[in-house]
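Below you will find the structure I want to go over with you.
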Amino acid sequence: MNGKLRTAIVGSTGYGGVELIRLLLQHPKAEITSVISSSNAGALYAEGYPHLSEIVTDRLEAIDVAAMKSKADVVFLATPHGVSTELSPKLIDAGLKVIDVSGDLRLKQGDVYETWYKHKPADPAYLDRAVYGLCEVFGEDVRGADLIANPGCFPTATSLGLVPLLAEGWIDPSTIISDAKTGVSGAGRGLGLAYHYSEINESTLAYKVNRHQHTPEIEQTLSRVAGQEVTMTFTTHLLPMTRGILVTSYAKLTQARTDEEVVNLFRSYYEGRKFVRIRPVGKYPATKEVSGSNYCDIGVSVDARTGRVTVISVIDNLMKGAAGQAVQNLNLMMGWDESTGLDFTPVYP
Amino acid sequence: MNGKLRTAIVGSTGYGGVELIRLLLQHPKAEITSVISSSNAGALYAEGYPHLSEIVTDRLEAIDVAAMKSKADVVFLATPHGVSTELSPKLIDAGLKVIDVSGDLRLKQGDVYETWYKHKPADPAYLDRAVYGLCEVFGEDVRGADLIANPGCFPTATSLGLVPLLAEGWIDPSTIISDAKTGVSGAGRGLGLAYHYSEINESTLAYKVNRHQHTPEIEQTLSRVAGQEVTMTFTTHLLPMTRGILVTSYAKLTQARTDEEVVNLFRSYYEGRKFVRIRPVGKYPATKEVSGSNYCDIGVSVDARTGRVTVISVIDNLMKGAAGQAVQNLNLMMGWDESTGLDFTPVYP
Amino acid sequence: MNGKLRTAIVGSTGYGGVELIRLLLQHPKAEITSVISSSNAGALYAEGYPHLSEIVTDRLEAIDVAAMKSKADVVFLATPHGVSTELSPKLIDAGLKVIDVSGDLRLKQGDVYETWYKHKPADPAYLDRAVYGLCEVFGEDVRGADLIANPGCFPTATSLGLVPLLAEGWIDPSTIISDAKTGVSGAGRGLGLAYHYSEINESTLAYKVNRHQHTPEIEQTLSRVAGQEVTMTFTTHLLPMTRGILVTSYAKLTQARTDEEVVNLFRSYYEGRKFVRIRPVGKYPATKEVSGSNYCDIGVSVDARTGRVTVISVIDNLMKGAAGQAVQNLNLMMGWDESTGLDFTPVYP
Amino acid sequence: MNGKLRTAIVGSTGYGGVELIRLLLQHPKAEITSVISSSNAGALYAEGYPHLSEIVTDRLEAIDVAAMKSKADVVFLATPHGVSTELSPKLIDAGLKVIDVSGDLRLKQGDVYETWYKHKPADPAYLDRAVYGLCEVFGEDVRGADLIANPGCFPTATSLGLVPLLAEGWIDPSTIISDAKTGVSGAGRGLGLAYHYSEINESTLAYKVNRHQHTPEIEQTLSRVAGQEVTMTFTTHLLPMTRGILVTSYAKLTQARTDEEVVNLFRSYYEGRKFVRIRPVGKYPATKEVSGSNYCDIGVSVDARTGRVTVISVIDNLMKGAAGQAVQNLNLMMGWDESTGLDFTPVYP
């Protein structure tokens, strides 16, 4: 016992889980005490991930609330839809803190969850208790919470690109369209023809058009910030790259603005928030510029011809879009500096 | 002399030029008699493109109108901005037919060209004379023409995805947003940091936001079809792949429609046009599904929540977006079947 | 009935099968009368391959020898290991001609097959009857044959790069090492973690080291050409690209030679064979330079310091390494020009 | 002044330089006091590398020995061939310590340098003084040195895969062939047609066959370890990926060995050296398994049929192949633990 906060990771064999391991291995105030997987318990973790040979020497453990209670203070859930719905209440009731990286606890209304996820929603008491951890927007709520719903990858990039404009009433909420592009790692490690190398290499496609389950999550955030119900169009595309999300959002300005004004609005809104960087006028970020890091980089452009503003926001989907923001939430929850253990410079090129 | 139509290619060393060569080599009614380049005249063509070793044994020729007059019936211009502005009039005056794959003759209004291209526009007489060769929309104009402005890559994919909706008044022209994604070959063979492998691999970015020179070309087509001035938002993104364009277009429906109705509208509009294929309801095309071929594949989705329609259109930017449509225009111009020499099955995977 | 040769494709839903379809659709003397798959019979072919929408409108058929007998003259087998072992004899006995693209009939010795493939070998009578169709080396045997064992992808590229040197005794057969690199499509359409996009993108690895089943096939060819038993080292690597094989072969020269001499040897050996192209001294081919085509391009280099020759040979694994050579074998078998229907210019870039 | 070692980076705008910055930013005992570039002095560093926005706020400085003397203790040179030849002597004479990441000081014999690099070699006194910093082999020499020649990317991966076998006399030095594959970042940020995305994506090729300047560097190391002159065959291939080197080395065993014996030899040789990891029998590393980290992972296979051993070694070319090993050398030079500031878990996937 070295005085570090003890963490367990359920769903540790997925890409979100393995990225959590990368981050927590280098966290100065936390340590990993259990790597947990519903399948494969007993196997050496590094057998499935040889890049962790001689680094992670643990064996996978089965899901066991009592064992987690004895070995951990905080549990991360990087699990498929439906697992957290059942498991989070048990962990909370056992006195553990929980950071849920899955989508189960993000939507406050169970019926909306059921409509978009086609799963039974969690107990409303726990949906209420769960704090939505979009750090730069709702970070105040996270301090002292014990149950965090970590935002989805697309909602993080999309919301961070729209919130300042909505918060100040600069855009018409009924005109928002977000066109998202993601690397393939967002689909996880599970096999599928769409993620078979020869199919998606040298190709791009749209998927779940008008049906992506992250749509209501974004709308929930935008509505909360705008103080009115927001309905938007959201489209996702798969790109031939492993990491990275770029979201291009469009909306009508409520009055004429210059590029400078919009840049300044963003800079002012995110002042003091290390992980959001605003590009100067006329510059737009590339996903590679945040790869391996927890940054969300944003560029904006006003089009006087159409009266629309275009916002480009990029993240590493496994970092700010999953494991990175989860650790940021851990930091906020524990009252630590939000960037503790997250000072990863983007890996470039 | 074998009775084939004689063609010359100016700008033959760019990617558009080399794709024209691939197509014309297999065309049953046309042959290449000159490969022309403003630089490098005298060099063996295949030295710069070893994949054509033992296939193209010609040497590059300098630009020489008289020589073209003596050796060719039709000249393709696959040249950078500004070349065709000067050269096309001379070729036309010499009695040659011209298919201009560059952007110089596409915009009917010289001042609009100057604003977006930052080049001096062509002589208005030739701008008037040039027929805009978007085959499935304005193909009738091409028959018998002697000067064709071959559409740009983005305008082709974007316009084919919007024209049926506008032609029938199903969408509100003031609400159109097109979000385009392109492979890197669209930038040509000229070197640049943005196209340096290590910079763009595993990355994506937006570029020329609200400033892309293809915007007025799309608007010109949409305005002509809609019978009213159309102003739209158009954004381009660079993707880590070589070939392919996917455009996602959004617009407000003027009244409620079902997916089936929209699919049927597209099928009806493009009936009998081999190179446009409409996916069934709920299916969307991938760029790989048209790679190496002249197809434009389209999928649509209506969102009842927002009253918007989303259209996904894909092309191979070097085929239907450049050389393929240029040959299709040649076919129409000569009164041949539009698919002559263009029966390329997509290369998959 | 249009007088064309009728062909059926068994295993038509794999990448080898779909490439055969691409080729046969454009073959002037052959047509496809059945697309056959052991699974999925009854489904529309294009549902699994939307790039063939409106091009292939057939439904998949079950494997049925009598049906093939009634509808086809020649059957292509693009099937997993073990299928041809059973099926080819039945097809031959029914009077059909067979071109087997699988590995079942390539090795003349059943026990060697069993050792490397871990499958029961085919009936020796049919192994004897099968002609190994490495066209540029053993093409004479193919004319008039009725059962062709189409060479493997690696054996084609490797053998074509070594045969001239061995045939003339220029290299020491005991010193041959071939280091092969392949795109992922060689692994087929079947899912596997190694072919999951996020795993193999931005990565390369060696696999089946010293155990690849193509090793004895290459040795069989080299032994036959050298007139003595050849044992060699052969290693395969998976590369983050879809198509293409590059093989780098090394051997000790039996006496000092210049680059020019080796280039001339290769040019002389392959004189008149359209699909093998030899690069000049100091030039080496890239896989992209043969992509989508039936070419095998070769470059050579002599190292006076070590007395070794290095040979670089590239093919498109689905073309010259599978479907392309299968059609070339069809052409030879039927007494047609070997390039009939195979005049595909490489697709570049 | 915080008591940290002050470092300057010359050639900071190349890929080696920017990776050094990533590492030194997180080094607990060193800091960067100058980013230097022969071109572009005065410009903000982050303008050329927006991923470092708000992280590196320095301006580029010109090369100025006196300024370096006043601001730094150690200078890293990540410069093109020829710069260190002139600059290192001046820096050493000024009392600075130098870690040269370029190739200028690696070859002890100036004439060999001149033959392979086609540049004038450095002053022999400095060639003698330079310690070749292959840490796991010659690390003892590094402690206390003031001038380090940091090994090349290919020599690092190749030598680490062969040294244990040569040191113990298990392989015949006259039979060594190394076949190397590299990602494109090894070519640096300078533009070139071979590194143009559309040319190298979906392609692979061999280059500098039998002429790569890293050949004599590997031979120098192997000769020193073997205690006899070693001449070997070395070939390099460019792969469509950004980072990563995989080297496949072949040699004749001097007597029969099992896989287990060879694995154990490697494990014993590298015992206690954190950055070399040996895979178990039958397992081979992928480049992605070391990406972003300083590891060299190695797998081996004995082929009883041919009496050869095959060694697969992988590194991240910008880490263990350049900046990572440079920092490892800094650590050794200063008497710190060799992994100080280098505990980067590989970034996967």
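Order as written gives the chain letters A, B, C and D; numbering starts at 1 within each chain.
One rule holds in what follows: contacts are C-beta pairs under 8 Å (C-beta built on N, C-alpha and C of every residue); 3 or more make two chains touch, one makes a residue touch a chain.
Since we're looking at a predicted model, the values are computed, not measured.
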item	value
Interface with more contacting C-beta pairs, comparing B-C to A-B	A-B
Reference chain C; chain at largest CA-centroid distance	A
Centre-to-centre distance between chain C and chain A (centres being mean Cα positions), rounded to whole Å	46
Centre-to-centre distance between chain B and chain A (centres being mean Cα positions), rounded to whole Å	39
Rounded Å distance, chain B centre to chain C centre (Cα mean)	36
Residues of chain A touching at least two other chains	15, 183, 185, 189, 198-199, 201-202, 240-243, 285-286, 288-289, 291, 349
Pairwise touch network: line, ring, star, complete, or other	complete
Footprint of chain C on chain A - complex, ascending	15, 183-185, 187, 189, 191-193, 195-202, 240-242
Of all residues in chain A, those that touch chain D in their complex	15, 18, 21-22, 25-26, 49-55, 185, 189, 201-202, 242-243, 274, 277, 279, 283, 285-286, 288-293, 297, 343, 345-349
Residues on chain C engaged by chain D in the complex (per definition of touch)	177, 179, 181, 183, 198-199, 201-207, 209-210, 231-233, 235, 237, 239-244, 246, 248, 250, 284-289, 291, 299, 301-303, 305-306, 308, 310, 312, 349
